[in-house]
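Down below is the structure, laid out as C-alpha cells.
A, B and C are the chain letters, set down in written order, and residue numbers restart from 1 in every chain.
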Amino acid sequence: MNHKIVGIPRALLYYYDKDLWIEFIKKLGHTPKISSFSNKKHLEEGQKLANDESCLSLKLFLGHINELKDECDMILVPRLFSIKKKEQVCTNFNCLYDLVNNLFDINIINYNIDLTEKESKLMAFLKLGEILGASYIKSYKAYKYAEKISLMKRKKLEQEQAEKLSTSKIKILLAGHPYNLYDELIGKPVCKFLSENEITILYSDRIDHTKIDEECKKLSTDIHWTHSKEVMASINYYQDKVDGIILLSSFPCGPDSLSNELISHKIKECPLITLIFEDLNSEVGVITRLESFIDILKTKKEKIYGKNN
Amino acid sequence: MEKIISFPHLGDYYIPISIFLERTTKLKVIPSPPITKKTIELGAKYSPDSVCVPFKYNLGNFIETLENGANILFTAGGGCRYRYYAEVTEVILRDLNYNFEFYKLFSGDYLNFREVYRLFKKINPKLSLYTFIHNAIYTILFIWQMDKIDKIIRKNIGFEKKKKQHITLKKEMLKKFKSTNSILKLILYYWKYKHLFKKIPIDKPKDCLKVGIIGELYTAMEPFSSYFLEKELANMNIEIKRYTNLSYLLWQKIWLKKHMLRTTKKYCKYTLGADGLDNVYRTIKLINKKYDGIIHTKPFGCTPEVGAIPIIQKICQENNMPILFFSYDVENSNEGMKTRLEAFHDLLKVRREHK
Amino acid sequence: MTKGYLGIDIGSISTKGVIIDAQNNILASTYLWTKGNPIQAVKEVLKDLQKQTKNQDIKIVSVGTTGSARKLIGTILKATIIKNEITAHAVGTLSRYPDVRTIIEIGGQDSKIILIRDGIVTDYAMNTLCAAGTGAFLSSQAKRLDVEVEDFGKIALTSKNPALIAARCTVFAESDLVHKAQIGYKKEDIIAGLCRSVALNYLNNVGKGKKILDPIIFQGGVSKNIGVVKAFEDILKTNVTTDEDGHLMGALGVAILAKKEKEINFSFDIMEGQFETSSINCGSCPNNCEIICVKEGNKLIDAWGNRCDRGKSNIKIEQKE
C-alpha cells in the first residue's frame, strides 16, 4: 500500500470532525497534514479565489487549501448535504467539493454524507477508505476506532465545560460555529481578551450533545440546519447559567442571518451581543464593544452580589 | 371577527393561489397589497440586516396585509433559507404585536400533498377530499398553463407591433381562467388563448438577440425585486428565456436532478444546494443553444448562488459566453442597473456583428 | 472648414468635453468639476471649448453624451447619440490603443473593468456594492490624514513597508485607518497601504474571475495616482499603462460614436436658455416614483424616472393645467 500525505485544511468542517479524520487516516497508515493556523495570507488568498459575497469562513477555507495544494498528495474536502434525518447543512457545505475542484487543479479526496440519498456517515468513510486503498473491513475498523477516540475527546471537553459552571467568576457563553470560535483570526482574539479579563468562557459546541434536540426545540421548532441547532441548543441551555452571551458570526452567514435574529427576539433576560466578523475588520472595534459589554456584566454582577450581602 | 386569509406576493402567482385558498377554506382571501417601495422599506426596517432580500419583501407584504385586516397568514417554505423564513417572520410579527394565525404550506423542500391536505382540513373541517383534489388539480393546471403562456410571451414581447398587446391579452386570459371552476374549461381556455397569443402581430427578425436569465428563484419570479429586468430587456428587443417558474420548482425540478448531474458532469459531482446546480446546468444549456448572453440574478449574499458563481464563471470563460451578474438588495440604483444593461446590450450587438 | 464632433462625459464628480476631427484627433478638450450641477458644468465646458476653437474654422456637426447625466444633457443638447459610459470608454480607448486587452477604470464613484479581445468588447463588470476603493473614498481618506489627494501617489512611493488596510467597506476601512495611525504607523506606509488596498479591492470585487491580459490601460481619476498604478503593477506583475488623456476617453469615445450618426446643426448657444430640472413625486401609487422633468423656460423637454406609465400621463396633466 502506498503511503500518502493527506492534506486537511484547518477550517470549516475540521473543527467538527478533526479527531475522526486524523485518527482514521493514521489508522490506515497515511499521514495527515494539517494546514497552519489561519493568518492574513490565508485570508488574502481566499479573497482572491472566492466570490466577493462569500462568507469570511469560506474565504479562509480556500486560503487553507491554497496553502496545502503543493505540499500533499491529496486534500480532504468532504461534501455534506443532510447529516441528520430531515435536517440540512448550510449550502456552502453542499458545494464545497465542486467549488474546490473547479478552482484548483489538485487531487481532492472526499466523502459525501447525504441521508436523503441514503449515504450515511459510515458508508462515506468506507468509500473514503477505498480511495485510500484500504479494504472495507480495515476501513470499518479504522472508522470505529476513530469514532471512539473522537467521542472520548468530546466527552472530556463536555465534562470540563460542565465543571466550569460552578465557578464564581463571570461566565460568558461564546456561541457560534466552531470554525469561527476557534479560528485564529476570528474567535481567538475574543477568547484572548476574555481570558485576560478573568472571564470564564463556555463554548457553544461543548454542550452535552445528547441534550441538543431537546434544548433546541425550546427555542426554535423549525430550524433545519444541524450546525445551527447546536448553537441554539447551547444558548437555551446556558442562558440562565451564565452572565452573558456573545454571538460570533462571520459575514455574510446565511443561517446566522436568521437564527441570530430569532435568538435576539427570544433571549430577553440574559445580556447578549452579536459580533460580526467581516474580512479584515480591525480588532479595535471588536475590543471596544467587548469592553463595554464586560463592564455591563460586571456592574450587574456587583449589584446582585451587593444585594446578597 | 371575520377571518381573512392573506399571503405574500410572487409575480402573478397570487391569482391561482388565492383561488385555491378561497375554494378550499371557504374564507375570504385578500392577497397582500401590490409590492411598492413602501413594502420593501417596511420589510427592511424590521428584518435582520444581512438576511437575503426576499425575506424583506415577504415581511413587508405581511405587515401591509396585516394592516389591511388580514388575520390568517400563509407562507410557502421551500429549500435553503426559505425553509426557515416562517418561524423568524412569525417571531418578528408577534413582537410587533400583530394578532394572526400563521401557516406554512410545506415543511420540507418539496410539496407534500398529504401534509397540505391535513393543514387545510384543520382550517376547514368540512373540506372533502374530493374538493381538495379537484382544486389542487385546477390550481396546478392554472399555474402550469400560465407558465407555458409566459414562455411564449417572453419570446415575443420585445417585438410586438402594437405596444402592450401581450400584457392586455394575458390579463384577459387570467380573468377567464379565474372565472371557471371546471378543469375542462380551463384547458379549453388555454388552447384558445395560446392560439390568440400566437396570432399577435410581431416584427421579429430571425437573428434577434437572445438572452437567458438564470439565478435565484425570487429575483427571477418577482419582477419588482429585479427592477423589472425582463421589461427592460424587452424594450431592447431581446428574446428572453427564463427557466425558473413555479411549475419548475414545484414538480419539474425533482425529476431533472439526475439528468442535470449527467449534463454537468465535467464540472459538478453533486448538487450545490438550492438552485445552484440548476444554474450550472442552464449555463451549459444556454451555451449549447447558442444564446447571445446570460444574465444571472440573485439577492445579495445568496449562499447557494454565491457558491455556484465561480463554477458558472469558469464555464462561461471557457466557452467565451458573456454573462452579467446582478445582486439585489434593498437599495439599488435603477440608473446603475440600466447603465450595466445598456453596456451589456452593446456588447452583445458588437459580438454579433463580428461573428 | 473642418467638421468637428463633440463628445461630453458628465460624471458624478467631473465633467469632460472634447471636440475631434474626422481622424479622431482631439482639437480641443476641457475638464472641470461637476459640483453637483451638471447643467452649469456643461455650460462652462461648452464656453471653454468655444473659446479654444474660436480661431479655427470648425463646425460641430454631431454631438454625443455619456456619463451618469448623459440623458439629461443629451436631451438639452439634442444630442445625436446618448451612450452608456462603458461602451464609450471602450471605443475611446480602442481608438488610441487598438491592441489593448484590458481596461481598468476607477472613477469618482464607479469602478469598472472592460475586457477586449481582437478589438471587441467581450466582457465587462462594474462595482456592485459601495464606493469603497473609488476616487471619493480616497479623497475622504486623504482629508482624514490631512494630505492633499494629489500628493497621495508621491507619498505612497516613498513607503518601504506598506501597512495592511482593510478596504472592503468604507466604514471598516476608516476605523482600521484610525487604528493604524494611533499605533504609530508612518503616514507613507498607511498611504501606500491604502493604495494597495484600492488595487486589491478592485481585483477581488470588479476583477474577480476576469482574465486580465496585457496590454492593460488604467483610466479614470484614480489612475492619476501613481501609488495605485504601482500597486496594480506589483500585484499583477506586469506593466500598467496610463494615458495623459485617460480621463477624456469617455468623451472621446462618445464623440467617435457620434461621428457615425447623421449630421445636425449645432451651435454653442444651445445652452443659453434657462434650463431647469425639477422632480415631481408621481403619487399615483405608493412607489411615489421621483420623475425628473427638464424644462426650458416653461416648455417641458423630457421627463423620466417613472417605473410605470402612469407617471408620464401625470406630468402631461400637470403640463396642461
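Definition applied: a contact is a pair of C-beta atoms (placed from the backbone, for glycine too) under 8 Å apart; a residue touches a chain by one contact, two chains touch by 3 or more.
Predicted, not measured: the structure shown is a model, and the values here were computed from it.
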Would you mind checking which chain's C-alpha centre is most distant from the centre of subunit A?
C
Nearest-to-centre chain - CA centroid comparison
B
Selected pair, greater C-beta contact count between B-C and A-C:
B-C
CA centroid of subunit B to CA centroid of subunit C, Å:
36
What is the distance, in whole Å, between the centres of subunit A and subunit C, each centre taken as the mean of its C-alpha atoms?
45
In subunit C, the residues touching two or more other chains are 128, 208
Residues of subunit B whose C-beta touches two or more other chains
309-310, 314, 327
Of all the residues in subunit A, which ones touch at least 2 other chains?
51
Per the touch rule above, subunit A residues touching subunit C in the complex are 40, 44, 47-48, 51-52, 278-285
Contacting residues of subunit B [partner subunit A, same complex]
47-52, 55, 80-81, 83-88, 91-92, 95, 104, 107-108, 267-274, 276, 300-304, 306-311, 314, 327
For the complex, which residues does subunit C have touching subunit B?
68, 83-87, 118, 120-126, 128, 208-209, 211, 285-288, 307
Show me the residue ranges of subunit C that touch subunit A in the complex, using the header's touch definition.
128-129, 164-166, 168-169, 172, 175-176, 178-179, 200, 203-205, 208
Quick one: in the complex, what on subunit A touches subunit B?
49-51, 53-55, 79, 81, 86, 88, 90-92, 94-99, 101-103, 112, 114, 220-225, 251-255, 257-262, 265-266, 276
